[in-house]
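Look for chain A in each of the two complexes below; its partner is chain B in the first and chain C in the second.
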Partner chain A sequence: MSLKAPPSPAETGGGRGGRAPRPVSRRSGLARLGPLPWIAPVILLILFVVVWPVVELVRTSFLNISISGKNRGSAGTDKYKKLFEETDLGAVLIWTVIWTVVVVALTMLISLALAQLFNQKFPGRTITRWALIAPWAASVLMTAIGFKWMLNQTAGVLNTLMMDLGFIDGPQDWLGKSSTAWPWMMAVAIFVSLPFTTYTLLAGLQTIPGEVYEASRIDGAGTWQTYRHITLPMLRPAFLIGVVINLINVFNSFPIIWAMTQGGPGYDTSTSMVFMYKLKETDIGESAAMSVVNFALVVVLVLIFLKVSRWNEED
Partner chain B sequence: MRNRVIATGAATLVMALGLSACGGDGDGGGGDDAKGGKTIKVVAADYGTSAADASKPFWDKVAKDFEAANKGYKVEVQVINWTDIDKTVKTMIASGNVPDILQTGGYADKVADDLLYKVDDVMSPKTSANLSKGFAEAGKVKGTAYGMPWVASTRTFFYNKKAFATAGITKVPTTWAEVADAAKKLKEKKAAEIPYALPLGPEETQGETLMWEMGNGGGYKDDAGKYTINSPQNVETFKWLQDNLVKPGLTYPNPASTDRKTAFADFAAGKVGMMNGHPSVIKMAEEGKVEFGMAKIPGKTAPLESTLGVGDWTMAFQDGKAGKDAVKKFLDFTYTKDNLVKFASMYNFMPVTTDASEAMQADPKNAKLKDFFAALPTAKFYPVNDTSWDVVSAEIKKTGGKAASDDPKTVLDDLQKKAEEAAKAVK
Partner chain C sequence: MSTSTSTRTESRQSKTDQVKVQESGGALNVFSHAFLILWTLMAAGPLIWVAVTAFRTSSDILNDPMGLPSSLHWANFANAWNQAHIGQYALNSLIILAGSLTGTMLLGSMAAYVIARFTFPGNKFVFLLFAGGMMFPVILALVPLFAVMENFQLLDTRPGLIIAYIAYSLPFTTFFLTSFFRTLPTGVQEAAMVDGASHTRTFFQIMLPMAKPGLVSIGIFNFLGQWNQYLLPLLLNNENESSYVLPQGLATLAIAQGYRGDWGALFAGLTIAMVPVLVVYAVFQRQVQAGLTAGALK
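Coming up: the complex of A and B.
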């Protein structure tokens, strides 16, 4: 989108007779700003809440800040060196990728099915559509804390339920070790991502004109064929938006992991976001360096995805 | 017409910006005027576990009494819970908005940044002479006192009498082997859900770790003051814990993600057979109607002669807004026998001044704290007066617990590396 200033009235009507030149030039100066005075508050706001923090972040990553919070001057690239020498960084990055890919992939798959379901006409559709909003409307932190307690070893209802159903012999400490904590946290992340994604896809489905389906029916296409060759391709824009927004959201997801395991034991259930937060406890500069890396990662991630999916092909 | 609208809009915007800028200036100006002033800002940690025993009323009362006794002075009290106090103070320091007096867990990191007054500058000789000797020493960095001890606690071994009777254990364990043996019996007889509670989660990993390592002649530093986190004794300690408690299922399945508060709560609920704890367990266990006994912490071959002592600290900031004399007045006023006994009694802690300590021990109400007081003179502390300790302690909290599940050598080697780097950074 380009912001072209509309032709300024001062330019066309400049130099009206009998006026001293100075006020005219001042007026036309203001007018030359076009819509700027109107969008200035927004621009200032963006500068203040988006650009300035990013600048500060990058600046901090080159500073040596002591654990008591005092700025001890420049650290050069020491904090980045320290970050890349962290023993746990490799595992954290690998888990970040697994976490993001698994959660986004499963969310998209389940949402495709759900959207298809909610696109059908059935009694009670309005109510079920409303119900789907619930996980979205509830605070993510609340949902995560809820699951944490349901999974609690001694008091959790999910432990009791699974024992009653005979799935497990005794109560398990699900969130205490990474091998069981990851799947549960992924399940919660998918649970909270479903509503948005399903609604995005549902909106996409509703833009597909009925005539296309009618034509394919007349041509004798089967259900699966219709889905693969008509629904999916026409759903592409909505699907891509869903994937990109989920990628960013899930990669940056913090409250679920923090509420359920605090990224522990050690860094075993930390994504790079949680890792960054935990570094803050010992070294703010190193933590800022991790943030910069995170920022770069998410940009690269989205760019790669857009490239692979040939984002602009249909435009 | 249109031009006027634009001009008005722009002018309004400029005015709005100008006004807010004025607001900012005003605040800054006010603060500068107060430099050397009579308003004392006190930030303290909240030791309470509920509204009933919160620390805020204590500080409010001290502040009110002080204001009444010293006309013209004002005290602003901010009490922050333990989870947030470090972060909040860090932000205060980073933004240059430091308190005058801070009461929290450690002080040495702030000495490294030259933020604190020397104790002699802000405490009269009479008050500082009253500080218990060992603690006064621990408040010194390279021979100069910066930290003023506030309260202390020692750790001891707790066991559930009923569970021991059910399991047929007659002798309270004094060695590691006896602990493992008792734990096995507790499990076989189903006398306790958690035979030995080993909380190595982030809350206080450094405490439980040190209590076990001391039992094997290990610890965080050697006599020369060098970090020895990965010493053979320490590695051996964790090997033993893995083989004898963790793997046989005689403790929590994931010690590294189990916090101390969980262990204490489980003990108070009668689910734990034995554990190491501090004096607050007494009150919790009594409320939970758990019959318990206390003993010296078992070591590898003999019980610990000197147990772990933990002290909390008060410090005064040079860049606070109040004058040095005001700070001195307030500290002298706060460090009285009555105040310290009152605060320590609220949480079953031990006061750290000579007269308060004597007064508290003389009170028959505190008979159950006898063992804790007796252990205090010989107690061993974290290296709190090392300016790198705060970083090291934070690192141990994050990953130290994994030494009980992963390869201990790898985990401790990594921590040792970080500790050495931290020590180098403050030199």
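Coming up: the complex of A and C.
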């Protein structure tokens, strides 16, 4: 371990780094060497386990690799050309954007309402807060499988229930066609995103000091006005964090779609992430190209959002 | 702060509306309570159903899925624990998590402390590395990650899985804790260092205790994520059935029910998997909120 500063003999306290007598020199020494041993393991780990696969992925997307994994040399940009010539790609990308925007928007809206409600004192609040964490406690995969059972054409609870109530005449194959499969998958995605988002917003609400509300009440502001002009602006940081994390998670969401429809029939219910996974079976290089495009898309989505939200702030 | 002044002027104009708004507050409460009850039913209902059904015999479940248990049928839990090896898988999960959670929290907080509190060349780059890592999902890297682990002989080993868990949890953890450490007062830290405490000591005895709320909430977040992690073990830990973690075991159990028809054991297994999560939540409930408040938002 490197020393943080020129060692100064005989001072109090244990510890491996020597300390300089004057704060100034200690700080400049630290600035040069100090942080390294502290963050080196982390950086190494991330370089090997996260960054290296990214690099490898980009490299693979320019290679001609057989299904068995044999490298047949460079493919140039052929894989990207092949990818962009896929007839399904357009629909898949459009659905990916719709999927991401709808799920994130509805999650944020419902979470705003839930957080607002949970921030009040009411009988049974503890129980409802427990219910809030419930979808979080069961894994996303299990939740998706559970919903798949409920929506099953022959054995599903939903068909039985809706037929008993007279909403439908015969059992429906809810996940068999994209028009009904999409809304159901979106509902599941929203359902599993709510706990974390609501908790973030709830935490944000609790940072707003009571005096602010007091002041607005004395000034005679109504409920809605207080909410729009005081709560929402002060909730902004929490809201931004919620949106960014949801954008990333929902865009990258795989287990829900894979467990419920496997992106089918055909590519009808595939997002670009599922599309990428399916391409892996036919062409590894093309699948890697899709991965690269996917990663770029997430970064762009998040950057656009951050840009837009900052622009609003300056307004 | 222009918002607050504009609020004040606007709100003065609407003083006359005040009475009306308050009246509608009553209706809003009825509506909001209905909403909360609906939410509670929707969110907790299926889980309660799973837990209740775990006490019924498999034939009962098939005859009437929504019924209540006639007597407490503990055999399901015994079956899940012994025959489906859920006990073994739960133990595996606990061992993995003990390593990965400790590693994530320790490495993450150390990195976050340094990034938040010290300026050094490459500070910004390191921060961007974490932010970028956050956006990169495991699923994109399945094939290369497999190759990396194979090269280092870490495939199908506990250290391998632990390292992968840590690496994929670190970006968000560091990101979160960095903003948390930035909010802590600098005075205490400087005083400690002037008094001659080493960096190690300052960090462990001064900074970590102060950061406890943030550590707890990101710790729980990681606990949930790692406890339910399915993709990584499926990729890196799929060789021996005896070293499966809980989600793998449950998935195997779920598939096996298709032809064995022992639904009771499956529901018992699912219930067992949820218990630790609820225990952790029960213990740390208060800190979760306090931590998120202080950390994520400043």
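Here is the rule we use: the second predicted complex is superposed on the first by the 275 of 315 C-alpha atoms of A that agree within 3 Å, B and C clash if a C-alpha of one lies under 4 Å from a C-alpha of the other, contacts with A are read in each partner's own complex, and residues count from 1 in each chain.
One rule holds for everything that comes next: a contact is a pair of C-beta atoms (placed from the backbone, for glycine too) under 8 Å apart; a residue touches a chain by one contact, two chains touch by 3 or more.
As the structure is a prediction and not an experimental result, all values here were calculated from the model.
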Fill in: Joint occupancy of chain A by chain B and chain C, clash or fit
fit
Item to complete: Check the residue A:241 against both partner chains and state whether it touches chain B (first), chain C (second), both, or neither.
Response: second
Item to complete: Check whether chain B or chain C contacts more residues of chain A in the superposed model.
Response: C
Worksheet item: Touching A:138, do we find chain B (first), chain C (second), both, or neither?
Response: second
Discussion item. By the touch definition at the top of the document, which applies to A:221: first (chain B), second (chain C), both, or neither?
Written reply: second
Worksheet item: Touching A:48 in the superposition: chain B (first), chain C (second), both, neither?
Response: second
Discussion item. Let me test your reading of the model: by the given contact rule, A:265 touches which partner, first (chain B), second (chain C), both or neither?
Written reply: first
Discussion item. On the A-aligned overlay, A:211 touches which partner chain: chain B = first, chain C = second, or both, or neither?
Written reply: neither
Worksheet item: With the two structures laid over each other on chain A, which partner does A:164 touch: chain B (first), chain C (second), both, or neither?
Response: neither
Practice prompt. Give one of first, second, both or neither to describe whether A:282 is in contact with chain B, with chain C, with both, or with none.
Written response: first
Item to complete: Rounded to the nearest Å, state the minimum C-alpha distance from chain B to chain C in the superposed three-chain model.
Response: 6
Worksheet, complete the sentence: chain A contact set shared between chain B and chain C covers 30-31, 38, 41, 284
Discussion item. Quick check on the complex: what are the chain C residues that touch chain A?
Written reply: 3-4, 6-8, 10-12, 14-15, 17-18, 20-22, 24-25, 28, 32-33, 35-36, 39-40, 42-44, 46-47, 50, 65-66, 107-108, 110-111, 113-115, 118-120, 126, 129-130, 132-137, 139-141, 143-145, 147-148, 163-164, 166-168, 170-171, 174, 190, 193-201, 221, 224, 227-228, 230-231, 247, 250-251, 254, 270, 273-274, 277-278, 281, 285, 288-289, 292-293, 296-298
Worksheet entry | For the chain A and chain B complex, residues of the former touching the latter | 9-10, 27, 30-31, 33, 37-38, 40-41, 65-72, 82, 87-88, 153-154, 173, 175-177, 261-262, 264-268, 278, 281-284
Worksheet, complete the sentence: As the complex stands, chain B meets chain A at residues 2-3, 6-7, 9-10, 13, 86, 89-94, 109-110, 112-113, 115, 193, 201-202, 252-254, 256-258, 266, 271, 390-391, 394-395, 397-399, 401-402, 405-406, 411, 414, 421
Item to complete: Over in the complex, which chain A residues touch chain C? Could you list them?
Response: 4, 11-17, 19, 23, 26, 30-32, 34-35, 38-39, 41-43, 45-46, 48-54, 56-57, 60, 113-114, 117, 120, 122, 124, 127-142, 145-146, 157, 191, 194, 196, 199-200, 202-204, 206-207, 216, 219-225, 229-230, 233, 237-238, 241, 248, 252, 254-255, 273, 276-277, 280, 284, 291, 294-295, 298-299, 302
